[in-house]
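These are the structures, in structure tokens.
Common to both upcoming complexes is chain A, partnered first by chain B, then by chain C.
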Partner chain A sequence: MTDSRSHWLIILSAIAVALLLPIVVRSNYLLHIMIMTEIYVILALSLNLVLGYAGLLSLAPPAFFGIGAYTSALLALRLHLPFWIDMAAAGVGGLVFAAAIGIPSLRLSRHSFVIVTLSFTLLAQLVATKWTGLTRGAMGLPGIPPATVVGIAVLGKVAWYYLIMSITLASLGFFTLLVRARLGRAILTVREDEILAQAAGINTWRVKLHTFAISGFLGGVAGSCYAHYITFIDPSVFDFYYMENLLIMVILGGSGTVWGVVAGAVIFNMIPELLRIHPELRTFLYGIVLLVAVSAAPEGLAGWVGARRVRQSQGSSPEVRGA
Partner chain B sequence: MLFQHIANGLIQGSLYALIAVGLTLVYGVLEVVNFAHGELYMLAAFALYMAFSLLNLPYILAVGLTMLILMGLGFVVARTVIVPHLRRSFETTVLATLAASIILQNGARFVFTATPRQVIVPLEDVIVSLGRVIVTGHRLLVMVTAMIAFVALQLFVRRTRTGKAMRAVSQSKQACLMVGIDVRRIAVHTMVLGAALCALAGAMVAPLYDIFPAIGTTVVFKSFAVVIMGGMGNVPGAMIAAFMLGVCESLAGGYISMAAKDALGFSLMILVLMIRPDGLFGRRVRI
Partner chain C sequence: MLEIRGLTKHFLGVPALQDVSFTVERGEIAGLIGPNGSGKTTLFDCVTGFLTPDRGKMFYEGRDITSLTPHAIARLGLSRIFQQVRTFPRLTVMENLRAAGQAHQGLRITGGLLPTKRIRRLDQALDERAMELLSALGIPGVAGLLAGILSYGQQKLLEIAMALMPRPSLLLLDEPVAGVNPTLIETIKGYLKQLNKEGITFLIIEHNLEVVMDLCCRVFVLHSGELIAHGPPAVVQEDERVLEAYFGR
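Moving on to the complex of A and B:
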């Protein structure tokens, strides 16, 4: 019990530190990185839900991110709708598209699911580039209006930091509740043993579909935050570059854990920015990191810490191993 | 016009077929989806560019050299990325090949930069007219070479010891271990074979378009659709599906719009998954 209490203590103090950071940090550049990290946390949760909890490798998160960004930007620019409605619509957009590709691709096998999700991301980018009537193609959509909260426009990095922090914390709360709820337990059963899950009366196809749709929702919300924060989007929002970063964050953070993935998102977004690694070199280096990671430590950071904890507790008293 | 579109589609189809057959072969034998397959095609195109345009080798020699280089590369990818993960979960192998794809594509971006290169192949300005259909000599050569390659592949997997061993591995890895077939060695052979087909595509079809580090992504995107439509692991199925997709795309591009042409592969793949989840010709692995 003490173990889980100290666990929560660490998490609460981390959140407190995150909330107080803008008081200390004055540099706009650092604040920008912190805001991007918040957006990455939402995206990493979206991938973690599918990869870590359902055990399905989805390569579609950049697609839902981009669909969310475009939905939000187009609603704001063409229909002048407020931020909250744009964001809700972006989430629903991600959810609908996830359901639409989940229905055919989850029926068969995990193998075809991977291929279909990757193809969907590539197709989404292609459509955003070619359908110039709607998206203005490679010219992108400039001048996306900033968010307004109770009538006040959110301007400046500090305000954005807190706005996106509130959305990120809400997503995190939603995520922790979800994985403890009925659906979360069902999805873990499906991951561990699909046949057993079916025998226990779980409709595995529907559970997977719901999980995938919710991950689409989170991806759409992240895309909406990004579009309104950056105020300009173009087809590069669908880039596979995001997928690579996400995989590193989720896998090295420890897929299937909540806080490991959050830590992964923070660490692997901060380090390359602070070391000022050129984005192209970063992609290359992250490719090598990813290859080494899946070869050497498929359980990730959290798995490594967990294994150490198990070893320690085994050393002292073997019966508290599950704590 | 109709026959011209069909002829163009068949040429495009031979590109998809050369890539997709290697992809589905690797899946059929090893149950690994090789996401780095498109990068092999891209590197073949650059190898040809260097051998033909920079070293000024005769075209036939340049193609031969490209094939040799790519077979070596296929060997390296197999040994470093695929063989170490053969016993791991499907997701692990996907992530490993995905990482390899990222490394190769961004490595190529460093070495060759993103500037598009053009290669002018010798037979491209020879015009051949068959009735009302006009094709260039090179495009005709592409189709003929693709056909020869597929016949050779079929003979290889049916007649040679290695080919028979590959088919055995695709049926049961356990049984192979019992009768003394080295699964790891066969895995390497399969990858080398797939890389050789990629080399043919990269050396013969890529020069019809611009050559730059991202070309593998578009081609592999279409090839995945072909692999799923043909039934994953089904080699003749992939071949037929590739030519079908090529012709359908050409017709869509000619009569509807270019955007419709690009979305067609994905739409057909989803349609096939909805109606016949095992692919048009069944998923029972046939190589």
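Moving on to the complex of A and C:
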């Protein structure tokens, strides 16, 4: 009981610190990194749900991110719809596309699923580049209007920081609720042993479809935030570069945990930016970091912390072996 | 209770089951025996929907289950325990049991996202059932542990508890005492007998003939995918074709 209370205490203090940060941080550059981190947290949750909880490797998060960004941008530019509606539509767009590719591909083996999701991301980028009538292709979509909240335009980094913080916290709240509910448990059984889950009466195919659709929704929402914040998007929003970052954040943070992945997203966004590592060197270093980390701490940051805790509490634990 | 009619299944042309028919009566403990590779597990896979038979039909309580999916069959009250130990290793024992029971409470897949009064009542029912089973099996202390760190014997008991979570009426057991120490065999046997008295019907695959003789009122013998004998275990044991199947001529 005290353990879970200290757990919540840490989380609440982290949220409090995050909320107070703009008072201290004055640099626009730092604020920009913090806003991007918030967006990355949503994206990392999207991948974490599929990879960490259902045990399915999806390479589609950049696709849902891009679909969300384009949906949002086009609705804002062509139909002049307000931010909240754009964002909802972006989420639904991600969800619909996820369901559409999930329905055939989740019936395949896990390996085929990886390939289908990869192909989908590449295809989405191709469409965004070639369908110039809709997307203006490589020229991108400039001048996406900023968000308005109760009639007031959100201008300036601090305002954006808080706006996206509210969306990130809402996503986190939803995610926590989801993984603690029955559906969350069902999702875990798919990762642990799909055959046993079926024998227990769980419709694993539908569970996977829901998981993937929710992941698409979160990806779309993240894309919408990005489009309105940056105000310019082009087909590079589908770039696989995001996927590498995401994999690092989720796997190193501790896939299958909520707060480990949040920590992963924060750490692996801030550190490379703050150290000003050259982007190309960065990708190279990411590869090395990922390899080392996977062999040294295969359960990620959260797993490593958890294992330390178990080791510390040993001695007081009951004898478990030998029935 | 369970009727199997003309069940036939081939793997790449090799027959695994050939025109197998039999009926398990309500309230009995039936045994399914036969040498390795005789098609016992294949038969279980067909009955529980994990394999689709080439020919033949299966009825559970009069209902045709031949083309149903595994989860749909499970929800009808037909539970199964696998040959290899299967649990959800990185979940706690309690979560394993909740997962084994929740699908049978009839909620929609997205039901229970918000902890309403109704959901809390269902959760409580799951927890009570889980603790009741763990106590009955003599392992109430493991509830909070990860299933993956339990000993083999404890995992076997957990599997039984998981199969019982939804209060099934028919239980298919695939070698429930394989690799289990003699003391625990007695415990499991006693428990199965008690469950049978409480009204659960059993179909058991078992190589340990002593256990079969003790538990089963009738046995079915498979050999190369064919049903070669059936009857009370004492009679079947003397059957020439059975002896031939097991020991050769």
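Simple rule for what comes next: the second predicted complex is superposed on the first by the 312 of 323 C-alpha atoms of A that agree within 3 Å, B and C clash if a C-alpha of one lies under 4 Å from a C-alpha of the other, contacts with A are read in each partner's own complex, and residues count from 1 in each chain.
Everything that follows uses one rule, which is that a residue touches a chain if its C-beta (ideal position, glycine included) is under 8 Å from a C-beta of that chain, and two chains touch if they have at least 3 such contacts.
Not measured: the values here are computed from a predicted model.
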Which of chain B and chain C A:I230 touches, first, second, both or neither: neither
Partner chain in contact with A:Y286 - chain B first, chain C second, else both or neither: first
Touched partner set for A:L169, first chain B, second chain C, both or neither: neither
Partner chain in contact with A:A159 - chain B first, chain C second, else both or neither: neither
Which of chain B and chain C A:V149 touches, first, second, both or neither: neither
Contacts of A:I33 with chain B and chain C, given as first, second, both or neither: neither
If touched residues of chain A are counted for chain B and for chain C, the larger one: B
Which of chain B and chain C A:A197 touches, first, second, both or neither: second
Residue ranges of chain A in contact with chain C within the complex: 177-178, 181-183, 185-186, 188-189, 192-193, 195-204, 206-207, 210, 318, 320-323
Of chain B, residues touching chain A in the complex: 27, 31, 33, 35, 81, 84-85, 88, 90-92, 94-96, 98-100, 102-103, 106-107, 109-110, 217-218, 221, 224-225, 227-228, 232, 258-259, 262-263, 265-266, 269-270, 273-274, 277-278
Partner chain A, residues of chain C touching it in the complex: 48, 50, 69-71, 74-75, 79-80, 82, 86-91, 95, 98-104, 107, 109-115, 119, 139, 141-142, 145, 149-151, 153-154, 157, 162, 165-166, 184
Chain B partner contacts - residues on chain A that touch it in the complex: 51, 55, 57, 59, 101, 104-105, 107-108, 110-112, 114-116, 118-120, 122-123, 126-127, 130-131, 240, 244, 247, 251, 280, 283-284, 286-288, 290-291, 294-295, 298
